[in-house]
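You will see two complexes here that share subunit A, one where it goes with subunit B and one where it goes with subunit C.
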Partner chain A sequence: MAAAPGRGGIHRDGRAAYLFLAPALLFFCVFLVLPFLFAVVLAFSDWGGFDLGTIEFAGVSNFADVLRFDGSFVRPILVNTLLFAVGSVTLATFGSVLVAYCIDRLSFQGFWRVLYFLPVVATVVAIGNVWKMMYQPAGLINGVLNKLGVNSIGFLSDSSYALPAVTVVHAWASIGGAVLILTAGLKAIPEMYYEAAEVDGANSWRMFWQITLPLLRPSLLFVLITQFIGGLQSFALIIVMTTDGGPVNSTNVAAFEMYQQAFKFGAWGTASAMAMVLFVIILAITLLQLWIARRRGEETS
Partner chain B sequence: MRRRRGGFPWFAYLVVILGAVAMVMPFLDMVMSSFKGAGEYGVIPYRLLPESFGLDNYRAAFEQLELVRLFRNSVIVTVSVTVSVLITSSLAGYALAKLRFRGRAVIFRFILATMMLPPFLLLIPTFLIMLNWPLAGGNDLLGRGGDGGLTTSLVALILPFTVSGFGIFLMRQFMVSLPDEMLEAARIDGANQWQTWRLIVLPQTKPVAITLGLITFIGTWNEYIWTLLISSSSPELQTLPVGIQLLQSFLDPDRTMPIVMAGLVISTLPVLAVFLAFQKYYVRGVVLSGLK
Partner chain C sequence: MRLHHGVRLAVVLGLLATGVACSGGDGSGGDGKVQLTVLSHYGSDPAKAGLDKMIAQWNQENPDVQVKSEVVKFDDLLTTLTVRQTGGRGADIVSAYGLWGGQLQKANVVAKVPDDVAQKIKASYSPAALGAVTTGDTLLGYPTELNTYALFYNKKILAAAGVTKPPATWAELADTAKKVAKRDAKGNVQVEGLSLIQDGDNKSAHPFLSLLDAAGGSFLGEDGTAQFAGEQGKAALGLEADLAGAKATDPSIMPTKQFRSGGVAMAIQAGWWVGSLKTQMAGKYSDVGVAPIPGPAAGSKGSLAYGFFMGVNQRSKHPDEAWKFLTWLNEHQGSAGVTGMGEYLAGMGLIPPRTADAATLKKSLDDPNLVPIYDAAEYAMPEPNLAGAYEAKTALHNAIMTVLADGKSPDEALTQAAKAVKPQ
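This part shows the complex of A and B:
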């Protein structure tokens, strides 16, 4: 499979290979390994300034502060993070299964998929601002509600509506990517299963539940887990739509709180501990995903 | 040629069209609002269509948002990142796919693992590293004493994105399938590895390079958090998304929202054009990343 070594053999190949890999490896050392180690050190230290000489070891006190149950991080921020991720992944997965299944039965499939893909291509600033505009009392959504005889809702100003409101936007923006991956999964289901079911007189509802859904499970699982991880760590939409995670912290999520602690208050230690807590949660989910994939014999080659 | 089960799938059409309206409506609202004149925006009851299609907001966007400066920064950063990701991914991908050397498996696994580190975790330390970069922005050899290190130049927006683990993975997967005979023939003709890569491998990678280039281009053009952070003390480094967002947060929304929308239309158009022209390749990249 690999190139047969010519004269000079492995030695010559090896030197060229290391030279070709050098830019990438050097980069990963400076921008991944070093920052990762630095992040671990910061999480266990007490430091407020910019002079590395004043950094002090603080043991697990940052973690103790962050994970205290009566502190402000676990509730509402960690809870918000989970609600945001679970809410958007549920909406996006449900929506994308429905849409991918329906598109698969229509003509001009490429055209439909491009429409659903538009939000994936747009910047978060465009998405966030347009929806912010649509959520205003004088915006499109309240306009429609008023026509239907419903009073205007302060989607982003009422603390009980704000988190669901941004969750919907995040789900809306991620449906297109999920539709694509599910479409690839749908295309991989052999046509003959449906033909056999048709001969047996099954209707399309039964075919969906007994053929499509079970055979779609690997793609579905991939979409669920990657979207959930994406939801746990995203906060750009929250900055754009709410500026400060308000009203009264109702839309504040862990990654955003980390950002604020670090760059607004200069609390590197606390912020890094928050990042670590979130990272461990995401790592656990990633390992779960790898474990499920391996059990199914779908390991990367 | 797709399966047709029982007559006209009216239910499927209904779902897909309703969903498509929900997908497109916000963008339509964005474009329509960008034409609304003074006193037309923020009025109850809501109206989608503007009274006339004047270009005042676009003119104002160019003046108040300094769109030319933002555009230039966006182009410099996006082109630099895309070109360097393509080069570094192609070099590393070739080594991992076609060259035999000690540690190949370990390095490949390491590169796969880099994709698992979430960006938010690296945000704080990377910022501090850029700030204390030795011999930059007045820093001494130990990275001290200066004012801002690398964070005061566009380099700060480019350097942390010049290599992509996903890009290396994508290139490697593609190059594995290139026939070995072709590479051997080059070597028999006396080409060294560099020449083989440059003259034989690189021209063959066009399809995957377009995919990777597009994903990188769109991702970089739309990048927000890191640029927001770096440009918070150096406004001259703002790119389109950051510049537009910061302006809208300073001013009275009812007056400026249509101007912001005009800016957003302008900032969305390049990426939309690139996507529509090459969407086949972009779609393939997303599916490939889903099947890894």
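This part shows the complex of A and C:
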């Protein structure tokens, strides 16, 4: 039987629960809430870093600066960010559904899952450098293209190819994590649906479209949301592969530009305003994804 | 209740721990000695060993003022400086790239150089060195490293194409670059004619600014407005566009990696490269020649000079001792009639920014390739270091790359870059 509430309104169990929650809440406040609030303040300020006493209120000028259409943030940086996220999520999702579906029908499933999960364990720096070498004019990929009679492509030095080249690597590196979640989703689908479909004469393709995919939707939704958020915030791979978001800003994304503005140019107000813009975009896209999923009756919690 | 006592105890301990963690030391040892810290990027040998040796000498001679060296990689220096300073744990003495000077000054990081020290510095250092570490009228500290740009070339590649002397005009530069450039049937670069880009932070901006200086142009005005989009700038970028169009230059080629193996015939590069090439090319270093960067007409030449400085942190609790140490570090005599710092920098293949040191060392240079690099200190355009200079340089780099990589027109690219530069 639960203890009766005390006069203060919180009973003994409640106090214990809050006490147990306190370390996590404190961590959350110190490392997430406070920096977020500080970033909000900075977004409306002019600050060169270093000395907290030099923060000056700047109104909405940082936002006006960042959202100018003739500036570089909206285009190409935000456009690059969205293309990078959409491209990598699309490729990674298609790839992971395919891989997970195939693995589910193979022997030695553990081995295949480990194989595809390896890029997730490897550091971004290692992955980026390996792919950077493969993309070089004298690298493996151009070598293969040359053998096929195709002239070398400046994957990372040509502004038309650089963003797709990096996007492919990000998608490839994300497949392992998604495969793991989707495999769990596949395992949760009761076998009886397939048996019933088989009795009705459905072929594999029809079973995939009408049983696997609809019942995999909750896992797919989770993969889509987390990968999309990761894609919008990603910049480590870009730094490793292109160093400066080049050529000509063609691989520059919002998170990298924030880093540049804050740590290189000392424009913390501009960087924070960019962070706020990206935050609103991520929030809006995530809410939209959840809304679409809920309209279709998915359980997302 | 026991629970409440526990919570109170946890809060008190947490606050105490936070207080201890956040409190900076006062820089004094318990025995009354002053402890100074120097933050620099001299983290690998020979730079680290050389600096440590000088600091050890100071520490031995000055038992009351002990200096401790703290080092990070150059790529991490500005970030480390920012984070430590913001957290109230900045070093007493900071070594910084001149280009950051405006930002550091605006953010109250570097202290004003005392008048007597400033007078000594102004009287003893080359104009390029002073310019590279001065923001507006404010001197930021002692100039340390100084680098100028020159034209590096592979004598063997040029000779094979019938070119016996380095180009002395832009027309000769373009002709030579086009003559020596080679690609295979698949379009892979075998020999790049003239490299107009480099690894690292300076990217395509420094080679362009060197050509701009050779044409008589300048980068930024005193108020930070763009000056590079004028006729000289368009001419310099026009030359680069011509070379890119003729495939005599290619932004995917990094000279620091491909020059040593004969993949680059000519490159506009900084003087520090001499030391690296000697090590990397060993016996083949005799193929390397260095000449002044030519201008549009015969006899004209140009270069860019960038520098580092050591200044005192405005938050140092011991500024007097810090200046005393810096004065000693930069003025104490080494061997061969040059200062210890001059000897240290020359040992790394860098130009000592102190005029007397440079003049003395120039008389006994063992490598003729160093002569044009030393000479350039007399005429090079100092890299501006206003608060927005770093951002302006990045905008300029992006503009140059639209020409080199995307074939955009130089006029349009420079006009767009000039718009992105914010006056200070």
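Assume the second predicted complex is superposed on the first by the 254 of 301 C-alpha atoms of A that agree within 3 Å, B and C clash if a C-alpha of one lies under 4 Å from a C-alpha of the other, contacts with A are read in each partner's own complex, and residues count from 1 in each chain.
Convention: contacts are C-beta pairs under 8 Å (C-beta built on N, C-alpha and C of every residue); 3 or more make two chains touch, one makes a residue touch a chain.
What you see is a predicted model; the values in this text were computed from it and never measured.
Enquirer: In the superposed model on subunit A, is it clash or fit for subunit B and subunit C?
Expert: Clash.
Enquirer: May I ask you to decide whether A:98 touches subunit B, subunit C, both, or neither, giving the answer as first, second, both or neither?
Expert: first
Enquirer: First (subunit B), second (subunit C), both or neither: which does A:249 touch?
Expert: Second partner only.
Enquirer: Check whether A:165 is in contact with subunit B, with subunit C, with both or with neither, and answer first, second, both or neither.
Expert: Once the two structures are laid over each other on A, A:165 reaches no partner at all.
Enquirer: Going by the contact rule stated at the top, is it subunit B or subunit C that touches a larger number of residues on subunit A?
Expert: The larger set of subunit A residues in touch belongs to B.
Enquirer: Output check: A:225 vs subunit B and subunit C. Expected answer is one of first, second, both, neither. What do you get?
Expert: Neither partner.
Enquirer: Should A:241 be classified as contacting the first partner (subunit B), the second (subunit C), both, or neither?
Expert: So A:241 meets neither subunit B nor subunit C here.
Enquirer: Does the superposition put A:265 against subunit B (first), subunit C (second), both, or neither?
Expert: Once the two structures are laid over each other on A, A:265 reaches subunit C alone.
Enquirer: For A:137, select first, second, both or neither according to whether it touches subunit B, subunit C, the two together, or no partner.
Expert: both
Enquirer: Go through the superposed model and pick first if A:52 touches only subunit B, second if only subunit C, both, or neither.
Expert: both
Enquirer: Quick one: classify A:77 as touching subunit B (first), subunit C (second), both or neither.
Expert: Once the two structures are laid over each other on A, A:77 reaches no partner at all.
Enquirer: Which residues of subunit A are in contact with subunit B in one complex and with subunit C in the other?
Expert: Common interface on subunit A, subunit B vs subunit C: 16, 50-52, 137-138, 142, 146, 263.
Enquirer: In the complex of these two chains, what residues of subunit A are touching subunit C?
Expert: For subunit A paired with subunit C, touching residues are 15-16, 19, 48-54, 70-72, 137-138, 142, 146, 151-152, 154, 156-159, 244, 246-249, 260, 263-267.
Enquirer: Please output the residues of subunit B touching subunit A within their complex, sorted ascending.
Expert: Against subunit A, the touching part of subunit B is residues 2-6, 9, 11-13, 15-16, 19-20, 22-27, 29-30, 33, 41-48, 88-89, 91-92, 94-96, 98-102, 104, 107, 110-112, 114, 116-129, 131-132, 144, 159-160, 162-163, 165, 168, 180, 183-184, 187-188, 192-194, 197, 218, 221-222, 224-225, 228-229, 232, 240-242, 244-245, 248-249, 257, 260-261, 264, 267-268, 271-272, 275-276, 279, 282-283, 286-287, 290-292.
Enquirer: List the residues on subunit C that touch subunit A in their complex, please.
Expert: Touch residues, subunit C against subunit A: 3, 7, 78-79, 81-82, 85-86, 90, 103-104, 106-109, 186-189, 203, 250-252, 387-388, 390-391, 394, 397-398, 401-402, 405-406, 419-420.
Enquirer: Residue numbers of subunit A touching subunit B in their complex, please.
Expert: Per the touch definition, subunit A meets subunit B at residues 1-6, 10, 12-14, 16-18, 20-21, 23-25, 27-28, 30-32, 34-36, 38-39, 42, 50-52, 95, 98-99, 101-106, 109, 112-127, 129-131, 133-134, 136-140, 142-144, 146-147, 172, 175-177, 180-181, 184, 191, 194, 198, 203-204, 207, 219, 222-223, 226, 229, 233, 235-236, 239-240, 243, 255, 258-259, 262-263, 268, 271-272, 275-276, 278-279, 282-283, 286, 300.
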